[in-house]
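Here the chain labels run A, B, C and D in written order, and each chain numbers its own residues starting at 1.
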Amino acid sequence: MLDRNEAVRSSLAQRYAQVRRFSETLCKPLAIEDYGLQVVVEASPPKWHLAHVSWFFETFLLRPFLSGYQVFHPRFEYLFNSYYEQTGTGFWPRPERGLLSRPTVAEVYDYRRHVDGAMERLIAQCPEADWPEVERRLLIGINHEQQHQELLLTDIKRHFAHNPLRPLYRTDLPVAEPASPAPLRWLEYEGGLIEVGAQGPGFYYDNEGPRHRVFVAPFRIADRLVTNGEYLAFIQDGGYQKVAFWLADGWAQVKREGWRAPLYWEERDGEWWVMTLGGMRPLDPAEPICHLSFYEADAYATWAGKRLPTEFEWEHVAASQPLAGHFVEDGWLHPRAAPPGDGIKQLFGDVWEWTGSAYRPYPGYRSAPGALGEYNGKFMCYQMVLRGGSCATARDHIRPTYRNFFYPHERWQFMGLRLAEDCA
Amino acid sequence: MLDRNEAVRSSLAQRYAQVRRFSETLCKPLAIEDYGLQVVVEASPPKWHLAHVSWFFETFLLRPFLSGYQVFHPRFEYLFNSYYEQTGTGFWPRPERGLLSRPTVAEVYDYRRHVDGAMERLIAQCPEADWPEVERRLLIGINHEQQHQELLLTDIKRHFAHNPLRPLYRTDLPVAEPASPAPLRWLEYEGGLIEVGAQGPGFYYDNEGPRHRVFVAPFRIADRLVTNGEYLAFIQDGGYQKVAFWLADGWAQVKREGWRAPLYWEERDGEWWVMTLGGMRPLDPAEPICHLSFYEADAYATWAGKRLPTEFEWEHVAASQPLAGHFVEDGWLHPRAAPPGDGIKQLFGDVWEWTGSAYRPYPGYRSAPGALGEYNGKFMCYQMVLRGGSCATARDHIRPTYRNFFYPHERWQFMGLRLAEDCA
Amino acid sequence: MLDRNEAVRSSLAQRYAQVRRFSETLCKPLAIEDYGLQVVVEASPPKWHLAHVSWFFETFLLRPFLSGYQVFHPRFEYLFNSYYEQTGTGFWPRPERGLLSRPTVAEVYDYRRHVDGAMERLIAQCPEADWPEVERRLLIGINHEQQHQELLLTDIKRHFAHNPLRPLYRTDLPVAEPASPAPLRWLEYEGGLIEVGAQGPGFYYDNEGPRHRVFVAPFRIADRLVTNGEYLAFIQDGGYQKVAFWLADGWAQVKREGWRAPLYWEERDGEWWVMTLGGMRPLDPAEPICHLSFYEADAYATWAGKRLPTEFEWEHVAASQPLAGHFVEDGWLHPRAAPPGDGIKQLFGDVWEWTGSAYRPYPGYRSAPGALGEYNGKFMCYQMVLRGGSCATARDHIRPTYRNFFYPHERWQFMGLRLAEDCA
Amino acid sequence: MLDRNEAVRSSLAQRYAQVRRFSETLCKPLAIEDYGLQVVVEASPPKWHLAHVSWFFETFLLRPFLSGYQVFHPRFEYLFNSYYEQTGTGFWPRPERGLLSRPTVAEVYDYRRHVDGAMERLIAQCPEADWPEVERRLLIGINHEQQHQELLLTDIKRHFAHNPLRPLYRTDLPVAEPASPAPLRWLEYEGGLIEVGAQGPGFYYDNEGPRHRVFVAPFRIADRLVTNGEYLAFIQDGGYQKVAFWLADGWAQVKREGWRAPLYWEERDGEWWVMTLGGMRPLDPAEPICHLSFYEADAYATWAGKRLPTEFEWEHVAASQPLAGHFVEDGWLHPRAAPPGDGIKQLFGDVWEWTGSAYRPYPGYRSAPGALGEYNGKFMCYQMVLRGGSCATARDHIRPTYRNFFYPHERWQFMGLRLAEDCA
């Protein structure tokens, strides 16, 4: 019979193995040629993702904690470091991740095997004295790989959408029956002096804490996400032509990039189509609007006479809700229309929801020391918070306190919005 | 005897005249050649400032409210509009403001005379029914011109610093005696559920309201600004070489621009000098550090083991303080060392203080409709809040609720910082 | 009675004074504000031209040859050097010549006075032993200043055309009566083994020699320049839309810049106007086409089924012709229609003629040693040869062997073309 | 027994098949991952080369001449057109050739099979009336594929050199024994009125004609190429630091790019190494200098007190020489040291020789009409002529009249130089 510690280790070993396996499952539909692509600087090649997450375990677990560990290749710490400056190894320039045909895909899979074997040993054999720190880092590493699984999918979508042949990532994805969208209803919250942020037990990222009090005035929030159909009305009302709806930086972006619809929307003979991981599909008005920048989300809310919720309003609403919604395990890889029924819907999964909150540290926040402290803290400027996860997120990766963050102009993630308003 | 309305009008007419005159006083030391300079996109030529503020009165007051008003020149609405999209006139590209030798300086002064005459008539004669809106806009226009007076000074400093001859804007500026900086002391505040933001009576910008409640945890704040001497210790400790202190976007900026000190610092034979509006001066360690980006302010605070105050902490502290400090009227045009003595010092004037707060709308904020609504609201993204005014700000322009905002990389304003920290 | 040497010196002193004076005459119509403008990198501010030509005399004549010469300002060798690397002083970046408000215009005129006084002394008093080299350099300096006089005019035109107010440089310029263009006639030349290039006596630039033999096959050349009317037919035939007429780099330029007509052409309500130094004028179909890149000249010739002459064909034709044509002294500052009559016309003056010859060294060419050797030789790559001078060139500056050169995309000089073709 | 026409067709069919096969032979050492790489805009992915040359046959031969021909894929005319504007199909942007993972490598090989089958039928069966034009285009197509074979090799070298792992294209390349370089000797030519350029019979590109007379003054030319050892002396003499040797555009390039040696040279611990298609090798001083821009070739010649030969001098010398040298078939894929012995050496093969001649049309040159006319003519501006072929060129692709051309800053081809000088 296992004692508790062994049980914890064994369970984490299983979780590690399962998460690692899932990264490779996601790559199954790819051709070798697809593994090296980087069509824009923010989207990395699948091969790079597969190697980088392995580098993470190697760097933060195997090298410091597995005695006698031999690195797989001496240059990989340079090639597959993403942005951790304090490791001291430097890193291959991010815009050039697609310019390396070697190591080959097969070599990267060998690298994963090498790391997996060593991680198995480390989990089983590391001294008790090291275990607390190993466990802490292991959980970060597992969650880190889950984040890259989501990026794998969103980056593949970005790469394939750039190809005029519009390749399909999956030919076997289910497609929802078109349905009428449920009418939008408003739910009212009293707010007050509430508590937000994570505290144990259970894993959470450092940027989710410390738990602390904030004052929230009474507000109303929409019971579901904004739909394609609603967003289309904004477009048809000249939303992309009228400056009055836009933040100044957003309007500059619209002009510079010639935006006239969300990413992946395509007009063909007067009909709108959308690119999905299962190929081109006609626009379904009931589905949540997706692949929207913060600027577009904000402009839509302004046009609608509403606003985005703050991250604290959102968390206040979500804290009491079950973690229901469509995640990556559900296999749609595309957001689904809101189900009928009362109460708040679509908080989790489907699409990340832009909030009106800038990504800044919570009171009392301190980055961890060393390179691992670069995980979240150094990005706390210039970005906006998104909440709730998407159809490409793993279900056990998400929490009501989870803070995602992107620059306001970015839109290649599964990103959408929900409206809110002040109570008079 | 004047009735109340006439008294109000007459007093505003005086204030208008005085503020307009001060803009021209500030330009007295310039050569004609200096009026057209634009060495970087964010710093406009003096000539443009002088004309733009006049365009503002013409566009928002004279054209809509002074019957029979004849514009001075039909193209000026295009040349001297800054960024108001909803006027429908378009505007000359901001990066090219220095590429227009005509209208000449003399013509721009004629334009000012033309506008001033018409404004005098409008203030004296506009129908009572129009007066509330005219008064509202007039106050905005006067405050707007005061903001451009500050920019006039900071832009001239920027232009002259680019010239290898290092011209002097003023040859007659007073210079403070070097003194030892007062030791930094910490003041503790309980915080709690407090109120922030402006409400009448008296003028304030729309971005200062609505007044609302926020929860502030107990905190400590420094009794004075960070000094040159303290910042020099950060530099000497490798501050600009060690990534661990920096936000990621800040570090990228440091690398890209080769920053190794604040703007206008110059090392000559191992001694630091600073460019001032009165020419090059040896660095005074007791003076407040100035011309710092948010990135540098944040990195300094991280290095010091502290943080920046939030804008609400700052306002909470400032709300009960007198509006004491060195403003433009004091004629130093350079920040001064903290005076000896107890209590909080240098809150107002000397240098704008970077806060840790992103510039976002207050709960319930709505932009005004029309072009005048573009004044503040559309910039509520991507910028950080600064508080307190500077040695180039007019004293009657500042309030404890006043929110200034700049991009985190900008540093040509008189910008510095004050430290804060959480109570354990 | 003067001896021959004194006569030579005195005559050169006069020519020096007259050329220097003419630079200032050209600046008379300018406002102080116009002196500092630089709207594109290739067009320098008038103030810079006035100072640079003075720097040239200071650097190459006064410093090495006038004993006891005191430079006017120690930083001017840095500010007003154009591109001479071998002087060792470095130079202020060319794109930033418009970013210096100081020295003021008055100071630059003082600089000129300072240099002129010293030059007068040098010419009068320099030892006989130095005179040959002084005379050689003086002639280069005088010709150099004449080149900058032409640039002064073309740069002012460029700066003023950028201003939406379209200022006039001169309000008193004569305008030619519209006339029918003379029909184009072809003149046939036998060619053969001919001699080209300059040899003494008399001043010529080093790039015009050595005189040498080239073989020229029989050819025909147009008796006059291509006219606006003829070029308009090319435009109306879709010249700027049809790739078949264009060199690849030219077509890329047309697309990138959105070219649809020569520089300074402007379509208003279906009519073409052209910007001149005397303001906007309706297009005169009889005038020579002007402000054309090599790409456009070449495309026009291809469209017309002809080609550009080589620089040797042109020189062969020009060698036997009188130096007749409209130069800067004629005061039109704009090209004029061809006069009636037989024989070759418009070879000299009016517009520089693009040839089909790349600017390369003649056989046996060697740059002079030292910084002065950078005058012509280092540009012998990537540029094309133009011949004949323009309405902005001084008459005594031009020769049949004179080689001007610009990059193929440039068009702000008075540049046009003449057609040629092979004999069957 | 075959009649003459059948024999011609059969021989061309064989040559076609052999050339097509060789392209694929060159790709044998590649991993699938290598096929899609494009590390700089001028170097295309191997996959693109393989498809583009097939598109060429499809577009210019199969579609117009093979009745009933079915294109392999309707989008390939867009994806694999390089720059032919007059086909009317447009083309995928050149800088993005590496951003397409599909079609896969296997699909591109299928495309080649499809085209080869059709070409076989066309050559065997096309009507006699079509044959002259088919034969003309077939020869262009075969030569075109040979040019891309050379690019395949130079582009792979460029791609691999960008990878910090420095992959080897071939592990089995022979390496020459180090030897002393032969002393350089000068050969004198009288020149005179000579004939240059191609005329039939036999295939040549249109840019090689018409054959015509040029006058060439007496000159001397080096009996062999400049060597690594000689070029190293230039570097050690500060060649890359002294502006006096450089053309202005070349010097700007050196500064901008930080050049301090030819492409692929790498200094490790004070020793120079060079990247080859067989990996890193120590610098061999006897080998010809290679991977040099025109700017560097010209600067070297200036430093040496010599000059580059003109293309006519080169052709005059080469016209009487046998086509001896190291070509791609010799299997070195790297230039070799000059053999001992008298007479002119290394004219053909080894490295392309930069000449001092700008790439301009010969007298009487006319581009062919239609898209095929875009092959050479539209590039006759801004580039310099190279002569003689390289170790990556097919032997039967080269002639004494062959004109290659590249921009002066390009250096990723096997490019070197030979010195010349004027006879006194």
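Simple rule for what comes next: contacts are C-beta pairs under 8 Å (C-beta built on N, C-alpha and C of every residue); 3 or more make two chains touch, one makes a residue touch a chain.
Values in this document were obtained by computation on a predicted structure and should not be read as measured data.
Where touching is counted per the definition, chain A and chain D have no chain in common. Between chain C and chain D the centroid-to-centroid distance comes to 38 Å (mean Cα coordinates, whole Å). Each chain gets a centre from the mean of its Cα atoms; for chain A and chain C, those two points are 60 Å apart. Averaged Cα coordinates give chain B a centre that lies 48 Å from the centre of chain C.
Chain D has no residue in contact with two or more other chains.
Contact between chains, as defined at the top, is found for A-B, A-D, B-C, C-D. Interface residues of chain C, counted against chain B in their complex, comprise 31-39, 75, 78-79, 92, 96, 98-105, 159, 162-165, 167.
Interface of chain D with chain C (complex): residues 83, 85-86, 193, 212-215, 217, 243-244, 246-251, 294-295, 298, 356-358, 360-361, 363-364, 373-374, 378-382, 384, 408, 422.
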